[in-house]
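Look at the two complexes coming up: subunit A is in both, with subunit B in one and subunit C in the other.
And then the complex of A and B:
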């Protein structure tokens, strides 16, 4: 066993911790909470409600792996959803164009932030902080009142459900209710797979790790560090645009408060998933599980009747601490072993 | 080998910490009421009714008093297990909470909706799952009315009519026959409370030939904005204002500040040039002002929905039908005296004479 662990890469080891803890938590929830968690739909609802966050977490992990950070993704979610909502309702727009708007906002953000970070060498935290303020501000300028989108084409898309065969459950009246996921979940899972493949098996993907791990060595390997950094921010922002749209598709409303704290949740999910803030280490599947862990904890807290806002915050804090402690303890042990 | 031991130690550590972090939460929850699973295994008479409550947030004293009232009413001692969710002013969170309630298989869902629209999808899921939804305070606007069982809330038009009725009776009783100049400090425009209360005043002004509505402007339900608007009106109309119709206590507070700062007196004696202030909500601060006679009459907006909701759920449990729409009972408080009841459309409503004892009894 110890040999196996010794041969594991850092990313893989952190990923296994994440998966084990998530499974333990979910099994714990089934044992202690009973009923609700045994229903597959509970799990699918977690996916439905967090499809947007899953995409944002993928985006966040990518910049974190490259050694950066992006705290503008939450603000972008608000901006994307408000712009699309206003376009769809006030200008009677159509859905494909609204998707294009979301992508364009992402692209614009990515170009500007990526350029500032990579070529002008400004701290990514500062750049994205400005980006966050700008996005929140712009959202208010576009429209300050929250409203629900009534555009028929959009509502039809929002209500589209993909039934999952054989996973339904029987309701109180003894009628079988189908289990379902929303379209956003399919998009989110596709993106997770795409990002996973890209990061693991493509030259570009490996160069993100290289740049995040050690810039100097990456440079010596002949990797264009600036370009890699630029691309990480570009992809991150485009993904944030898509994530924002998926989030918008789930909530169906434009509001300044949309995606509040989403950037922090995305960062937390990435960390839970084993991505390190120092860069070079991380795994997209981990971030995906990280989002699920975060959402499951929230669900447990809420259904235990501890719905007051502070409980959720406290449990997430406890969980983050836990993961960080486990990570650093195990990493330290591993390092010691490597020396032997 | 040593490492293996350490690994297993770490796993144990993880599990213990997890227990501390998360599980203490739901163990605590179970202690309070026993899960619905256990409940169903017990005798039917011992079965606890599980209720999911989705509340808008905790932004005001009124909202918090409302939450407390419902939490107290559905206590474990009475055979209820209440799951409370604070949506922090986001409809998205409320929808998520309702889905969680459905997944947990609660018996009833109680909802104070943040906004009127956007509930069709999640409420039809609740209906599909066979869970009755009781809406209270604010309303929902859904295409299919059968998506919720019933609604219970305030009758804002009646509140306004009672306030105007009190003013009319008071003037008659005191034999005041002069022109009455009124200014209306409105709530946030478009809020249902504002619409009902303003409409009642407009009605009353039309019905009384001596009443004149000088101006109406929104004070956004805040004391700061209320003060600002009142300052503006005093500059424009000065001493000719007789009555201020403030649509909640917070604004009345600001209004009183502004009037005093401008050097006018507040009171019920209109003939001596005093300015009479009418207000709504009957919050603690408002009632204190009413006790001092600064607010002539404070018409209540009752946040204590708990008992009424219990009544509805008991009826539903017994298999009885409930009214689709019910209004919650509300009171009217005044320390001015003279008027004991107000008549609105042939129904007589009592006016409670405000004393320090009454203040003590009130929770809110």
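And then the complex of A and C:
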């Protein structure tokens, strides 16, 4: 056993802990909470509600693997959804152009933040903090009243449901209902797969790990450190733009409060998924499962009748604490074994 | 002549390279902006409040009054940043907890106590809230120093849970204290026209100055921040010092919470001290302190805090809605950090030097 642990890479070890805890939690939910969690649709609803967050967590993980941090993704979600909502409703826009707007906002953010972080050597925390402030402020300037989008084309897209073959359950009336997912989930899963392949098997993906792990040795290996950092922030912001749009597609409204705290949820998911803030260690699949774990906890708290709102915050924090301590203890133990 | 000029430019260069130059320059630029566009910004009037006591009012008074909490937090945040190389993002949530505890101890189960019905004296309540805030600080400190979790991640836990815990402490009720004496800490003491938070902030600064002068805390935190291993080899205990900085920040949080709660004589768990952690970190960064730890300048951080407040007050004066405020703040922050970034400053210095060098050759 100890030999096995020694042979595992950091990333794999943290990932397997995450998967085990998530499975235990879900099985626990099925046992103690009963029927709700045995329905496939419950699981797919978690996916539906958190498709945007999954993309944001992927974006955040990429930056964290490269050794940075981006806390502007939540603000960007609000900005993207508000801009698109205003364009669609007040200017009778069409959906493809609104998608383009989301991408352009992401691109613009990525270029500016990436340049400031990579080429001017400003701490990523401060840059993205300013980015967050800017996005939240801009959202209010664009429009301060929350409203639901009634654009037909958009609503049709929002209500599009894709049936999951072979999954379903029998409802109270005895009719078989197929489980479904929204379009956002398909996009999110595509992005997870793309990012996973990119980080694992491409030259660029490996250079992100190299830069996050040790800048000096990455430089010695001939990696363009600045360009890699720049690219990580660029990809992150573009992904955040997409994530913002997917979030918008789910909620279907423009509001200043959209994506409130999303940056912290994205960071928390990445950490639960085994990404380390020091850089160089992380896994996209882990972040994906991190989001699921977070959402499952929220669901358990909601269905357990702990109606008071404070329980969600406290349980998530307790889980985060548990994960962090487990990670820290395991890493320390591994270091000791390596020395022996 | 040229020698004199050279020494002058040297002197100028020396001043520019001082760490405290950045926040002071920002302060002066903002004041100059106000002076040019509206000299009325500096008017201070002596009026009377509703109770008939003399009070000073004016934009500058607002700045030093409302900036007090931020300045107090900046003290603690500077220590944490210097020692651990990370920031505490849970101070806003911790203020909610400390404030909630303060009200809980004062009110007991009665959420609307009349003037004479408070359970204990203010001092007892304040001490209890200090202990609780320091305990939460200690919790963060243990995660950071013993479990070696990055500070921002470790404090993310309290950031997520803090406001929920604060609501839980008071059973989600919002106590209101009608005793006017409780409002003294965040308002005015009868007869003294200067707002009380200013005195509290100055008292905190004096304590911090005395601590830095008579103990080795400043030196030790810098040593730990610069190189943890070598400071351990020199006989310091980095684990304890990191932990201690978080406890100190907890104390600062309790003082800030007292002012915040006293201003309203009540509390709103989801709104109180919202985003103040970002402002506190910003104050440290504006002060030119490296967010990655090591050397620090406490006074630069404190000036940084007042710069942020001055910016906020200025923007409010031009009737920027409070929700749109962050956008303008962001632009100013980006400009400030770009100009204080080492690479940019080097380039600027190079630009300045090269024409002078050419002249010298000619």
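Here is the rule we use: the second predicted complex is superposed on the first by the 340 of 340 C-alpha atoms of A that agree within 3 Å, B and C clash if a C-alpha of one lies under 4 Å from a C-alpha of the other, contacts with A are read in each partner's own complex, and residues count from 1 in each chain.
Operating definition for what follows: contacts are C-beta pairs under 8 Å (C-beta built on N, C-alpha and C of every residue); 3 or more make two chains touch, one makes a residue touch a chain.
A quick note: this is a predicted structure, and the numbers were derived from the prediction, not measured.
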Fill in: Which superposed partner A:189 touches (first subunit B, second subunit C, both, neither)
neither
Item to complete: Mind working out whether A:311 is in touch with subunit B, subunit C, both or neither, as first, second, both or neither?
Response: both
Practice prompt. Please indicate which partner A:104 is in contact with in the superposed arrangement: first for subunit B, second for subunit C, both, or neither.
Written response: neither
Practice prompt. Name the contact category of A:301: first (subunit B only), second (subunit C only), both, or neither.
Written response: first
Item to complete: Check whether A:126 is in contact with subunit B, with subunit C, with both or with neither, and answer first, second, both or neither.
Response: second
Worksheet item: Regarding the shared-chain residue A:49, is it in contact with subunit B (first), subunit C (second), both, or neither?
Response: first
Discussion item. Once chain A of both complexes is superposed, is A:268 in touch with subunit B (first), subunit C (second), both, or neither?
Written reply: second
Fill in: subunit A residues touched by each partner, larger count belonging to subunit B or subunit C
B
Fill in: Doubly contacted residues of subunit A, that is, touched by subunit B and again by subunit C
308-309, 311, 318, 329
Discussion item. Please output the residues of subunit B touching subunit A within their complex, sorted ascending.
Written reply: 1, 3-4, 6-7, 10-11, 13-15, 17-18, 20-23, 25-30, 32-33, 35-37, 53, 55, 58, 81-86, 88-92, 95-97, 99-101, 103-105, 115, 117-118, 121, 128-131
Worksheet item: Which residues, counting only subunit C, touch subunit A once they are in their complex?
Response: 87, 143, 147-150, 152-154, 156-165, 167-168, 172, 278, 281-282, 285, 291-292, 321, 323-331, 333-334, 337-338, 341-344
Item to complete: Could you please specify the touching residues of subunit A with respect to subunit C in the complex?
Response: 69, 116, 119-123, 125-127, 129-134, 136-138, 140-141, 144, 256, 264, 267-268, 271, 276-278, 308-314, 316-318, 320-321, 324-325, 328-329, 332
Response to the item:
Interface with subunit B, subunit A side, in the complex: residues 1-2, 5, 20-21, 24-25, 28, 32-37, 39, 41-42, 45, 48-49, 146, 148, 150, 158-159, 171-173, 175, 177, 250-253, 255, 257-258, 260, 297, 299-309, 311, 315, 318-319, 322, 326, 329-330, 333, 337
